[in-house]
Amino acid sequence: MEHTSLLERILRGVALTLVVVFFMFPIAWIFMMSFQTNETILRIPPQLIFEPTLANYTALITGKLVTAAGTLDIAFMRNLWNSVFLSVTSVAVSLLLGVPAAYAFARHKFRGSEDIAFTLLSFKFAPALLVLLPLTLYFQKLGLANTYIGLIWVYQLICLPLILWIVRGYFEDIPADIEYAYRIGGHSWFATFRKIALPLAGPGIAAAGLLAFIFAWNNFVFALVLASADKQPVTVGALAFITSSGIQYGQISAAIVLSITPTLALALYAQRYLVEGLSLGAVKG
Amino acid sequence: MASLELRNVVKRYKSQTVLDNLSLTVADGETLVLFGPSGAGKTVLLRLVAGVIDPDEGKILIGGDDMTDVDAEFRGIGMAFQNFALFPHMTAFDNIATPLEAKRSSQSVIKAGVESVAKLLKIAHVLSHKPRALSNGQKQRTALARALVGSPPLLLLDDPLRNVDAKLRFEMRLELPRLLADRGATVVYVTQDYKEAMALGDRIAVMSQGVIRQLGTPEQIYREPANIEIARLFGDPTINLLDVKPARDTRGIYVGLSNVQVHLAGAYETAVGRDCVIGLRPEALSFVEEGAPGAIPVTVEAETPLNEKIVTLVRTVRGREVLVSRPAGTPGRSEGKAHISVDGKSALLFDHASGERIGSKNVVILRNGEAA
Amino acid sequence: MTAATTQRAGPSGFRISKRVLPYVLSLPALLVCIGILIPFLTSVVYSFQRYRLSQPWARQFNWGDNYISFFTDPKFWNTLKVSLLYAGTTVVLELLLGLAIAMLLQKRSTLNNFISIMLLMPLMTAPALAALMWKLMTNPGFGVLSYLASLIGLQDFRWASSPSTALFTVVLVDIWVYTPFIMILLLAGLRSLPTQPFEAAALDGVPRSFVFFRITLPMLTPYILTATLFRLLDSIQQFDIIYAMTQGGPGDTLTVFQVEAYLNFFQSTNVGRSAALMIILWAITYFLSNIFIKNWLRLRERARGQA
Amino acid sequence: MHEKEKDLIDAFLRGQVDRRGLIKGLGAVGLAAGTAGTLLNLGQTRALAADFDWKAHKGKTIKLLLNKHPYADAMIADLENFKQLTGMNVVYDVFPEDVYFDKVTAALSASSPEYDAFMTGAYMTWTYGPAGWITDLNEWIKDPAKTNPNYAWDDFLPGVKNSCAWNGKPGGALGSDDAKQWCIPWGFEQNNITYNKAMFDKAGVTIPGNMDEMVAAAAKLTKDVGGGVYGIGVRGSRSWATIHPGFLSAYANFDQKDLNVSADGKLSAAMNTAQSKAFHKQWVQMIQESGPKDWSTYTWYQVGTDLGAGASAMIFDADILGYFMNGGDNKMAGKLAFASFKANPAAKAPTPNIWIWSLAMSNFSKDKDATWYFMQWASGPEHGLFGATKMDFVNPVRQSVWKDEMFRDKLNKSYPGYVEMFDASAPGASIKFTAQPLFFDLTTEWAATLQKMVAKEVPVDEGLDKLAESIDGQLKEAGLG
């Protein structure tokens, strides 16, 4: 694989540059808009030169937004906190429930295992709208309406199937012999799961966890329908800048930047897991 | 005590029967080699014994105790895998230490145990490496060390030399018997290499298609293979197999080979007049001068040295190809016309239709799980 | 004391039977999801009712009427067509693009790792907000993309507002948001492939295209299937991007299932019809994922057979 | 109170600082806008307390569901006064406009008792009322024991008030004698012209007086202003919101209707008349020639943004949209002007269709009497005046507020033509739709048809015939036709 010609390397470089430009240009543009007000954002034709302002970030962080129709109170930081809390706990619960289940499906071909696995996946088919209305009714009866617990439960619809099926694939890719070797060495199934299966599938779990986190983070319809304003995530919060007196593009951009930041930090922190694949180099040759 | 006994074990995968009503006993301290082609069920058998898969029927006893429903970790077994199955996220030291950790040994005991077995296997200098930094030979020794370190009374070795290079395999083949004997453990050793089987086994069980075809000492398997298949698997170069129809004359039972009557020593009465296959080990054939008794005229086609032997491919007048082997340095012919003679006493006779050897004596044939 | 006797003392301690263990492991997850199944069944009941929130007195079972009416409704067939077209186009393009990017980034290096994380940023942008930004960027006056398009001669490119380019535009946004999802899964897959076959092929001088089609692709297929399956499930249920960009227009160009179901539910409050639409969508996804899972399992089985 | 704050408020009262400056200043010293408003309104509250037991529900808490809107902001700014007046507590959830009605539908369809009152549009009550989610407010309005004597129900603009009353029968006239008052109007929008005066001058265009002139003016503006500026901004997204502003206002001016109501109460489509077709042709032509290029994605926000940023020369949309664009950090702030619009040369006066932000009471409220206390205060004359003069509570629904000189002065000062526009069109302002439960189905389809016409996918005549046919089918299917 090392015998790449110069031409090929150039072509690869060009292709990668195009990819980066396509995916990063809008992000860069949003980033620049986050330092502008509508006055400079809405110019014809659009221009690169502007006088940067921190007003958008100030407004978001202090919770005061000055618009054409006066100063508005905004709860953006509260929304951001809700997003962090909901996503983190939902993914944590999903991992807690989904990883053992994924392990069971990968390692133990038991009666009905495929059916159960498919059923768990099929929750992903249900359009959120389909379950939401009846769910609101049931949640009210159960006292789960407008509670974080209820929301975290519903968020399992997003996180659990994803974690279950991706992690399952990783577990299946670990040669069974490695686990057998550990058990024969005198360790219980749980020790084997903890000391062998979990570390080896670690990158897969991290990747699935991050993806689940992103999807949980981006969701807004669940919280919107099931909870009151103080529990809304950042996705709903950012919509507050679409006001009747105009769309505050600068603030939305800043909101996007702020809302990407925690996820991005998480991804950068976990990057070596995310892009590593299984850490099985030695085993699989 | 760690004898091993399998009683009428059946294992199926979907509709396929992988082990068919198999019974087997391995005595305490004995090394049993499971030999057979891939897909014979050797590895499955090993895993059943180890307890990582469960039999559909039958019982597994270790040291006389029924272990059929006992989890792997309680069976007191050491196992080395063909693909080594090292834990890629642990150093060689930690890999080897895992069975000791399971016993909750103290750190000093673990350290001493690992280092002593590592020294024995000559991997003490790579203990701090992770598997990906080890050579194949070192991986193999690490895997072996891990199986040995806890001094398990029962050792299962699943073709541990398969994935290492020829030189190492040769070395290990010399080292292993001593190593295993020193441990005093009961060993079940799986291999596809007949030389390994011959070198290591107190007894060899030849398996194919989920059944033990023959169980015996290496000598027995070689001299008195139960069928054509086994005869062909043991021996290098492979045995010559020629279609014959034995007949009787005053001197006894003979077969005709290129118009030469070769008389056989053995109880082959039942074979007379039947379609048979004669098995002639290449070393049972030798070059003779023209006119010697029983000399068969042949044409030499090719000659190759093989280890300390020289193997000659010759063609009989009927056009059948035969391999002749002689120790290196002994006289022979490398081209042109020649004559060979057959040692009738060491010839093997098989039924053409069934492939079974005819006139078995001293041979233990196992079929359908019944020990003879 | 021999090792065997020490360890045999073990079974008396905490142990779960081998047969029960997998159920114990998978049941909590199942139970949590089953809770969601009840509202799902309620919705199935709704779909067999004439049920408009604004006409509560007319609520009654009409059995299959909601479904039957779809067959004669050209709008429904348009919805079906557009949904499948949208899902098919996005998934195929994202798969090809995601695979290509993953292969460009396959070699482990700090730069490649960094780029791959950066490329995840579109995925981290909530689709509804991403669509809003794209709407601004494609605005004929203020939009930077419209401006750039005009520089290369596309003076009058109408993006999401013209029936002929609306699908292209929303697909473009979908690709922008979701290709990183496929890319990251395939990158992880590519990097966990064993290296031996590739080294062997390189030594033997096997042509690269052969290596790609005969070694890389087959080995990567389980990952491709997982990624495709999840993308397909999301894509056929796409709402945020389409609704935020075009609300299903212009005309009926982009009235995919979720947009129709949303409008039927939240605006028309025609719960029966909305539920029936979504049940059909559910059935389609069920059918499609069944095919995927079957293939996935088969490939897994085969892969294990080889090992 | 700190000295700085006192000084600021005093300066405001002396007229040295305008309201926005005051609020900015107070914000700078750490005081919320709401608090500032409260301080100003304290005097008024004391006056309110006469002759009515405002403390009857002391200690109770009610919860509101609010849209993120200047009206809600004005109310929140004044809320402390209500709390003091009644001893009640009010909590509220504010949701972004983009998702607000989804939240309302979700909460009400689940019969959630969480919210006692909420903001709504009058159109929505055509669903909420028959669904049994909201309460007929006549019971409270007409009960002197429950409504304070200063409430002055007659003070509401009649067209607006009646537009919020419907007898629940499909096709039933709004404001009929048997009508139920589903909601109380709070603030409303008329659809008229807001234009960029400099651009009009540059292109030499005068304010259009009818549809023909508007088409011509828009075309001339597109051609002559330059810089990519287009002539007229109207909404075009695939939504009911495209139909109800300028489009329906002009349409109604030609005496055209959405639906016919037969003597026996059956509904049928009415938009395929010759006159309607002619109007549609003109409208479509206007968009094709002089509308925004990506018209079919245009909602309230795009129409407003373009006007505020100077991308469009005029809009035919809500007057308060123009009002907002004339302020804030908009490029065109202070450069916009307002005019009423009469599409039909033969018509006597403008007939704008209106959007009414209203307050409705949830049927699931656990204490409706207490909720009504809040509602009558929030829609009362004092708060109306406070909102209109101190906050951006335009357009107020009370005639008394419109007569307030301070309010008129404020408008005249910064919003040229606004008061005249209002005075000219308010008498004819009302909801021009036929009240019926399929409102959203039919208007969405209407908008989709318009999009097809503008994209030239279907000729106007044929499109309208198809639309009428489809609507008749749906009406029949729903048991209305």
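We just call them A, B, C and D in the order they show up, numbering each chain from 1.
Here, a contact is a pair of C-beta atoms (placed from the backbone, for glycine too) under 8 Å apart; a residue touches a chain by one contact, two chains touch by 3 or more.
If you're wondering where the values come from, they're calculated on a predicted model, not measured in any experiment.
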item: Between chain A and chain B, the fewest steps along chains that touch one another; value: 1
item: Label of the chain whose CA centroid is most distant from the centroid of chain D; value: B
item: Chain centre separation in whole Å, for chain D relative to chain B (CA means); value: 92
item: Cα-centroid distance, chain A relative to chain D, in whole angstrom; value: 38
item: Chain A and chain C: spacing of chain centres that average the CA atoms, whole Å; value: 14
item: Multi-partner residues of chain D (each touching 2 or more other chains); value: 102, 109, 228, 305, 309, 311
item: For chain B, residues contacting two or more additional chains; value: 71, 73-75, 103, 150
item: Residues of chain C engaged with two or more neighbouring chains; value: 3, 7, 15, 141-142, 265, 271
item: Complex contacts: residues of chain D adjacent to chain A; value: 20, 23-24, 27, 32-34, 68-70, 73, 76, 92-99, 102-103, 106-107, 109-112, 114, 227-228, 300-301, 304-305, 308-311, 320-321, 324-325, 327-331, 333, 391-392
item: Touch list for chain A against partner chain D, complex; value: 37-39, 42-45, 64, 66-73, 132-133, 136-137, 140, 145-146, 220, 224-226, 228-230, 232, 236-237, 239-247
item: Complex contact set, residues of chain C against chain D; value: 52-56, 58, 69, 135, 138-142, 156, 158-163, 245-252, 263, 265-271
item: Residue ranges of chain B in contact with chain A within the complex; value: 47, 50-52, 71-75, 77-79, 81, 83, 85-89, 98-99, 102-103, 130-132, 134, 139, 146, 150, 156
item: Touch list for chain D against partner chain C, complex; value: 101-102, 105, 109, 126-127, 130-132, 228, 236-240, 292-297, 302, 305-306, 309, 311, 437-438, 440-441, 444, 447-449, 451-452, 454-455, 457, 477-479
